[in-house]
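By letter and in written order, the chains are A, B and C; residue numbering begins at 1 in each of them.
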Amino acid sequence: MKTEILKIAAAHLKPFLLILSLVVLYRGHNEPGGGFIAGLLAGMAYVIYAGAFGVSKAKQLRLAKPMFFMGFGIGIALFSGMIGLMNGADSIFTGVWTTLTFGDFSLKLGTPLLFDLGVYLTVAGMLVKVIFTVMEEDV
Amino acid sequence: MSLLMAILIGFLYAVSIYLLLRRSIVKLVIGILFLSYATNLMLFFTGGLTETSPAFTDIASTSEVVTASDPLPQALILTALVIGFGVAAFSMVLIYRFYKESGTVDLDELSEIEKS
Amino acid sequence: MLGIVPASLFFVFLSKIPAVGRGDAFKEVYPWLSDLGIGFSFNLDGLSMFFALLVTGVGALIMIYAGYYMRSYQKTNRFFGYLVFFMAGMLGLVTASDWITLFMFWEFTSISSFMLIGFKHEKTAAREAALQALLITGGGGLALLAGLIMMSLPYHSFSIEAVINDPQPFLQSSLFVPATILILIGAFTKSAIFPFHFWLPGAMQAPSPVSAFLHSATMVKAGIYLLARLHPVMESQELWIYTLSVFGVVTMFVGAWFALAQQDLKKILAYTTVSALGTMVLLIGTSTAYSVTAALVFLLVHAFYKATLFMMAGNIEKITGTRDMNQLGQLNRFMPVATVISLLALLSMSGIPPMIGFIGKELMYEAKLNAPAAGNFILLTGFLANAFTVFVSLRFAYGVFWGKKQDFKKQPHEPDVSLLVGPAVLVFISLLLGIFPNQIAGLLGSAFQSVLPGETLIKLKLWHGFNEILLLSFLTVLLGVVMFVYRKAIIRIVCYLNSNYFNLKLSQRFFTGIDVFLNLTKKKTAVVQHGYHRFYLMTIFIAAALLLILTMPAVDFQFDFDLKFDGLSFFVMLAAIMIIAGSIAVIVAQSRLVALIATGFVGIGITIVFVLYSGVDLAITMVMVETLTVVLGAMVVYHLPKYLNYSGVGSRIRDGIVAVFFGFVMGFLALQTSKPTTLTKISDYFVENSYTKAFGENIVNVILVDFRALDTLGEIVVLALAAIGIVSLLKLNAQKKSSR
């Protein structure tokens, strides 16, 4: 299955999908998209790459550290909640998580986006880890 | 329309139960997939079916909320889909391991192995 | 060192005595489950104070004793943890002013008792005894809880004061009789009253400090405390009076009888404790000013001498390595101080002046003489039980400290000072109070008021003058001495009677009962837990479907649906056809791969439904998830054996019927939900506030990352866990392979 066409396609698709996933992540707050979808897209980039070049090669990619991303993602998500806690006070919505304060609104950066980034990293990491592990078993 | 949806939901549930009751563990896992299909569709259905008005608010008219489709079931399903993938992946690997260890994909045989 | 905590608590309580007299010592109320009328509340009145002082005072001495005694044991930190836990539980129990709070602490003491009895858990006997004690006191605890709830029902509150201040609603409630019986079972199991007494001798497996503290001085008195606490409510009830009297008398006699021929020092003490507990129950049940005074005094007296004797028994065992009376003797030569302390405690136990035990016994006789009903019978049994106690005390004293000369492996010596402090203090107090009994009259008086309001405490004095009571006391001692003179014959007779006629074997029977029960449950489990996955699932689905049908009338289910296929566009039909065709393909497929692809097909059909009905995010996610699932499935299925049909036609039809039935129910349910409702939806809130408060236009996404972010956090953690699970499932295998 490791055809040249797939290899070329995968090599070019990877950066494209990664950038696309970031765009989808960013626009998720207002338009279709969001952490889950973006995470799946980013994971997909690596899955296709691994399909074309083999897992061992895909594992050598610079960003292919799924376990780290999973942990980091959950950490970021947690941290984004903590920011709200630290700023405390006006509990707008249910629970502690939603007492989030928003940074510079014109830049549209806020803890929900940070949280979404955590979701993104976790989902991508999980997907890559699972598929890589199963693929390794195949070989 | 709702009648068709209800029939589809009932049908998916029936298929999923039938698959879950098979002895083959592969069919069991597919049954789990179908169970989540049926449940997701059911949830989606309870939110009400509205065509061409996704669950977005319009910036221009924030004071006036547009009647969009119900966002809550959608949020639930979105969560369920991704979790569902985790569950599906895990159960697939689990049956793979199960087969490696026991040499069978028959659930009844498993109970016999356990008993002996 | 650990003794400091209970000792300081003791002095705190001591300082509160005047305040208790005024009735405003200590009251703490914390709301707990206020909707159910349950509060976490405490109140310190006379009776609580009496018990609290007992617990902390004896507790402090026991701690000093245990600090040295437990040195030869492993894991003593655990031991002291349990002991402090117990003490806290006991204090909570006696100061609680809410039935549920009381019950909770009641269970604390049961659990800590279990831990402490089973402390030498490497011994089978200790484990069995611990289990037995836990099952009996725990079972009693459940009965107690049920009884307390029944009692509190008319009050809509679990306050203890509510019942005591106004007993009428309870006394007239239809649940009075069952509630009383259940509460009595609770109290009787805890206080080792016949026929539940057998766990107490078993509990002697615990280290001696535990026997001294829990199983003589405090925990077993918890039942007595409960009876005393409830007495003002129940005193006019015949059921209460008669039950207490009958079970008290029987226990008093049975305990004394079985103490006669025991060889094990701690077993002797355990059976006399049973007898003493019976006596207290009897005295409370007699319900006169004399008897309640006697009960309180005797409770104190008993705690003092019994704790002392248990500690001494522990000392003897530690030094000589045995507690068997046949292997002991002549210890007065080696440990004179210990001998004196033990003798004084035994004097108190036999009720001989000048110890306070004498006052206790005098009052007991006086109470029995004045008993309103069946006085003579009670007097006679009491007389015999006391004579037996005298006999046992003599036997203990003579057998251990004089008697035959024994060859000990090690030369016995005086116990360490810290092992003697506790017993010495207790004996000294017994002696002091025997001579100056009125020192505790104030304390006893306020406790007395809690048990028998309206009467006054009988004045305590050592010398009553020459009267029939003194004569009775004298006769008791005389009978005890006479029995002792003919001890060999008597022990032989008792042993003969015990093994041939009175061999109740309650303990063994208890375990046989447990075994029978276990076998029954095993059989039941084998039927219910048959091990066939499919039938479990079938049970679940059929039950779920039936329950859904049952609830339909409750939710006003009506079959008035809009049964028309309208608004069917081309894409809707396409989606429906894809779903149905894909499903059928999955069922009939002969190849795993086909089934998998057909599953993906169904998923795409559902995606079309999402797209058509405004679920944009869902559709995108679904497409990707479906693709990934199929890809992953293909990789896994590749390794599995060919698809086989394991089941025959019969079971297929059966499963088909179940499946169609469940599908129908769910379809109806779906139709029901599609009907327009007037209820406000939760999501309206999200829709309204999504942009104004969370600055997001994609409401679904805002719900996920903002309104319900905690749920999403949980979800990504689950995903990470799934990944870790998969890795460990596969990599562990690899490790095994490589190790082979």
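The criterion applied here is as follows: contacts are C-beta pairs under 8 Å (C-beta built on N, C-alpha and C of every residue); 3 or more make two chains touch, one makes a residue touch a chain.
The model shown is predicted, which means the values in this text are computed figures rather than measured ones.
Set side by side, B-C and A-C show the greater C-beta contact count at B-C.
For subunit B, the chain whose average C-alpha position is most distant is C. Rounded to a whole number, the gap between the C-alpha centres of subunit A and subunit B is 23 angstrom. Distance between subunit B and subunit C, defined via averaged C-alpha coordinates, is recorded as 44 Å. With centres defined as mean CA coordinates, subunit C is found 51 Å away from subunit A. Of all residues in subunit C, those touching 2 or more other chains are 616-617, 621, 625, 628, 632, 636, 639, 697-698, 700, 704, 708, 712, 719, 722-723, 726, 730, listed in ascending order. In subunit A, the positions touching at least two other chains are 30-32, 36, 40, 123, 126, 130, 133-134, 137. Shared interface positions of subunit B, i.e. residues touching 2 or more other chains, are given as 54, 56, 59, 78, 81-82, 86, 89, 93, 96.
Residues of subunit B that touch subunit C in their complex: 1-24, 26-28, 30, 33-34, 37-38, 40-42, 44-59, 62, 65, 68-75, 77-79, 81-90, 92-97, 99-100, 105-108, 110-111, 114-115. Subunit A contributes residues 28-37, 40-41, 44, 47, 66, 70-71, 73-74, 77-78, 80-81, 92-98, 100, 102, 105, 108, 110, 112-113, 115-116, 118-119, 122-123, 125-127, 129-131, 133-138 to its touches with subunit C in the complex. Subunit C contributes residues 616-617, 620-621, 624-625, 628, 631-632, 635-636, 638-639, 689, 693-698, 700-702, 704-710, 712-713, 716-717, 719-720, 722-723, 726-727, 730-731 to its touches with subunit A in the complex. The touching residues of subunit A, when paired with subunit B in their complex, are 30-32, 36, 40, 123, 126, 130, 133-134, 137. Interface residues of subunit C facing subunit B in the complex, by the touch rule stated above, are 531-534, 537-538, 541, 561-568, 572, 576, 579-580, 583, 586-587, 592, 595-596, 599, 602-603, 606, 609-610, 612-618, 621-622, 625, 628-629, 632-633, 636-637, 639-641, 643-647, 655-656, 658-660, 662-671, 673-674, 681-683, 686-688, 690-692, 697-700, 703-704, 708, 711-712, 715, 718-719, 722-723, 725-726, 729-730, 733.
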